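Below you'll find the structures, each written out as structure tokens.
Across the two complexes that follow, chain A remains constant while its partner is chain B and subsequently chain C.
Let's look at the complex of A and B:
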């Protein structure tokens, strides 16, 4: 009797999507460590964190949107637009413009969230086609202010990438940055933001809206407002990613974010976020982002020629999404069997 | 007696207006753009400009037909991979054709093969694995882009279209571009198939109510899958037209048509929920978008203005047509 209960528990645990993504993550980590002997040395760890952070932030935002039952296809172009706005306002020899740029871009981020959220939440336009339309608005706006990649940045903005590269940075801060790089801090800010939110009513209502919008509405939840909040949050995460990108590249590019959209969606799905909404954990979306990043790293170590990279990553996205979809279906039918 | 006749006529007028409301709206919008262009830029309504607009919008309209095929079967259908499907065909067939008419059958076979393969992959993932169409086709376009990158890595794309393709896609008879005749022919065939055949009925049935269609014995999955195969095959054939028009193939030749092709369907007022299809409306949508592009280019706003304008127009029209607000 007891043994049976334990077996049942194990079965239940195995068929959770979170478990599978955790297992895949550990497997990927193992392969990476075997391929890259110095993976756990501090310098290469910092390099890995820098490479992974933008996708992690984008995935967290996407995960929140997907939990609320919508999807954001405009995330990549929104990222590009923010980098363009940042580098458009900043002037190299005037440190104050950095502050202005920060505030203005934050406002742009909120506006992006509001426009997407208004269409998807209040007007209830199917989110895929809506964000497909807005992605071109962001692209057009980005091309308007920055037709070709470039722009200026203030010196202290480099701090979002590496404290050490800022002129006259305090030695203590530089040493701190060697252990905890800014990219990790940005991800931590993202995590804290979601942690606080998930303890509030809004956090729980997001799941309610995503799993059944009509019942949520009928029980008195303002579904439209919640979905708008999800889109605004998503835009804030994209904003964090854009800070990192500008700190790293010191320029803006209207087309640089395009490949990020698909990667973020795929990472969220791999992390166990249901495309139908209402299920999944934002923290496990981070695991999904890590899996996708490690896959890229493994591709790099496998010495695949540059030309093949778009092809391989596209194939991996399709494989990842369809396998997790099939997995969810199988685990669902498994659950139904148990209940019967 | 006379009174009833009058009211009857009035009634038929209202029915006419109800059926063609969206088409009339598009026509008015196109007219508005031309008037705006004439006022702001001048020399906007010349005959040569009009014919050029028709030619350019024909290509958008062809891609719009691809989208209409997958949108009309419902299930939030859309295909973002049409651009790279066309590009792949153009790039691969360029060296096969090599400017000879004799090689055209081979090129056609290749185009059909590529289209059917891509469409089958899309259709299986969407109809059987039940993945969201937009995500699948977005991923597919990145895969196709990858294949093009691999093919063109380290070498130039060589080859020319066969003269027949150039005759169809680029040349004109008198002042009328030949591609217009092709468009009219395609429009007639599509309209006939959708309105007069059983297949058209099935497409509408699956699009408007999946459940009912399933219960009446229609294999919904097969129909959806077929729609994606038709869509990709058409896109692949359009790739041949594109290379015929441009004279050479290049890496990004089709990707700029993806957004307009979706927008043309929305502007034409075809329901995004499926169960509808009106190719004439899609063609008018394409004309509208091309006229808008012309206006923005004439105003000197270039690429940025074009994408911004398309995005805004799509957003506003989605607000007008698709919005489904909760009513208390």
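Let's look at the complex of A and C:
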């Protein structure tokens, strides 16, 4: 490859809209590392991953739904409901109930996806209204089985949080968990799932339906079925997040997921997913989730007084989003100038 | 043997009869041309064949078997593909992804992208060599999108191909490539139905021609039996026995200069363009397609912030870098792409037509509804737009009628310079004449000046006082009076003569 071709490649890369989120992420990472001196020590890295993983999973699911041209406002309550179902079925003394809980909750996740997808895809209810309504159904169901936070878990379920805390865990596994914690494994499972998906028809059609549903339909794509699939996939990502939460907290809580919904949507947008659908990359949505997570970290380590924390975090998010918009606009006009 | 036989099709939309008695025969390995005015039912019958609409009455026989498709996908499975007039492409996918969309092949568990790219490259290479199949469709111009649309239909290897006005957005060279490809398909035994408003194209490529008027087929010409006579075809289309020849409107532009452009430059698209536009003049922009004409129109409407050059309106210097500046100085653009730039497809005729008014600076607090509705009615009448009422949704009108709305909504303005970017694209012969006559009357009455870019040189010859020929972003010739004829236009466009 000669120098000119390399330069052309670099230019092409600079003009990509995703590049802006990557640059913002690197900048915020730099700030975090400067503030938190021990950031790269293995223990604090594991802590960071544990703090980031749930949002990453929720954002990946949300990104898939948004690419298909809809949105899911019920993601947070769905997460709460799943933690409640898990802890409702599990009994501390009976390890087998863990398996039952796992399977039943997986079925609940699929059902949640089917209900949302059926309403948005087949009944054509505007997804914002539909998922706003279903979010209350999930919340109501969660409160019904668990009015107050609590519940029981089996011992081996702790493995979703930390291999070391499980009784009689094999030493090799514990050592492995020190390097690659379960949270990272869950995120990797999410990535592999999307990697496989993106190579199939479903992956391609998600973009087609989100970009122009009518054209996709005219090309013989079952758009309703596809949006249903998107919601089911989203529910599976939420399920992964719920496993982690129950492993970490050993209890279920009907309200713990509430703040996650909009955070995940914002993270997806910061990562370059278009609200209008059809555009963006699920991998870069992860970058978006990392940016949103680093905001909290920066605020914590910068010793900002409690009273201002929320305000400052809002300002950082606005700054991140607007600088990404400005970057896209500038690079776009540069690109046009070049092509003109 | 007939590949397709359609008899007695009837179709109503609400209370409007789109097709009253549609009949059509398409022979094996032949190209059948469909001609007709806007809303005569040609598009509707094509859509009924491929299952986009369901017919109220009538029968369709394909290869001797009665068929009734519920959607285009079912038709495709039987080997009937249709190239849609309203593009069915996905803007966020690449060219090759669009071409194989809905018909992806698999290799093991994953999609076979390599084979899809090879297939796409092969078809695109013949229709438009040099088009990068890895580009996103949203980055293409309308002509290139149409090429992709055609490639998409061809890629499914249909036995019957329906082309609904594929050439409206294409340039001369692309049309020739398409015709070459169509002839090759014909030799492979593919039957085709071809719709176009350009009569000469139909005469060139089709073996049979069927003419539609007011929802029924009124005439048919078989080239093997009789020669194609354009006069006869036009008389079928318009229903008038004697086709009136166009005469050049006798208006004289005054000597006052309205708009003076000096050394306009924009990237590689526009190079040192200068001209004067007189009051009441129709200045044509011609040349081969894609030589910077559409960019020039956009530049004059203030769409390019990086534009370099000087512009004077009535002697006053203005900076044409914002659309607002152009509009404030009464320079109005009628855009070429009605679907993207010209219309709110989901809204009524009335809403579409009053939008430019509401955007004006001085507006009464409450919209004078009655007055505006009356004005809109007048325009609809003047342009003979075929619509149920003012509240009809624009998206349900036929393509030609939509284009008339785009032009119509600007006509009630006190305009000093009207920029028309291919206003007659996809408009049939009769309606085209009505539209231009109306525009010319306005020019005369209101002393407007017009800059007209048309891809059809016939329109330019008929209506322009002067004609500027562009080549690679430069103005290479300014033709006046007797110089404006087919011969000179072609010669200067191709730089044969200077």
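The definition used in the following text is that the second predicted complex is superposed on the first by the 288 of 340 C-alpha atoms of A that agree within 3 Å, B and C clash if a C-alpha of one lies under 4 Å from a C-alpha of the other, contacts with A are read in each partner's own complex, and residues count from 1 in each chain.
Methods note: a contact is a pair of C-beta atoms (placed from the backbone, for glycine too) under 8 Å apart; a residue touches a chain by one contact, two chains touch by 3 or more.
All values reported here derive from a predicted model rather than from experimental measurement.
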item: Which superposed partner A:321 touches (first chain B, second chain C, both, neither); value: first
item: Greater residue coverage of chain A in the superposed arrangement, chain B or chain C; value: B
item: First (chain B), second (chain C), both or neither touched by A:207; value: second
item: Partner chain in contact with A:71 - chain B first, chain C second, else both or neither; value: first
item: Touched partner set for A:104, first chain B, second chain C, both or neither; value: neither
item: Which of chain B and chain C A:299 touches, first, second, both or neither; value: neither
item: Partner chain in contact with A:169 - chain B first, chain C second, else both or neither; value: neither
item: Partner chain in contact with A:191 - chain B first, chain C second, else both or neither; value: neither
item: Touched partner set for A:129, first chain B, second chain C, both or neither; value: first
item: Partner chain B, residues of chain A touching it in the complex; value: 71, 73, 115, 119, 122-126, 128-130, 132-144, 147, 217, 223-224, 259, 261-262, 265-266, 275, 305-315, 317-318, 321-322, 325-326
item: Sites on chain C touched by chain A in the complex; value: 52, 71-73, 76, 84, 87-93, 97, 101-104, 106, 109-111, 152, 266-269, 306
item: In the complex, chain B residues that touch chain A; value: 76, 78, 80, 125, 129-132, 134-136, 138-140, 142-143, 145-147, 149-150, 152-154, 259, 262-263, 266, 272, 302-312, 314-315, 318-319, 322-326
item: Residues of chain A touching chain C in the complex; value: 196, 199-201, 204, 207-208, 210-212, 214-216, 218-221, 278-279, 333, 337, 339-340
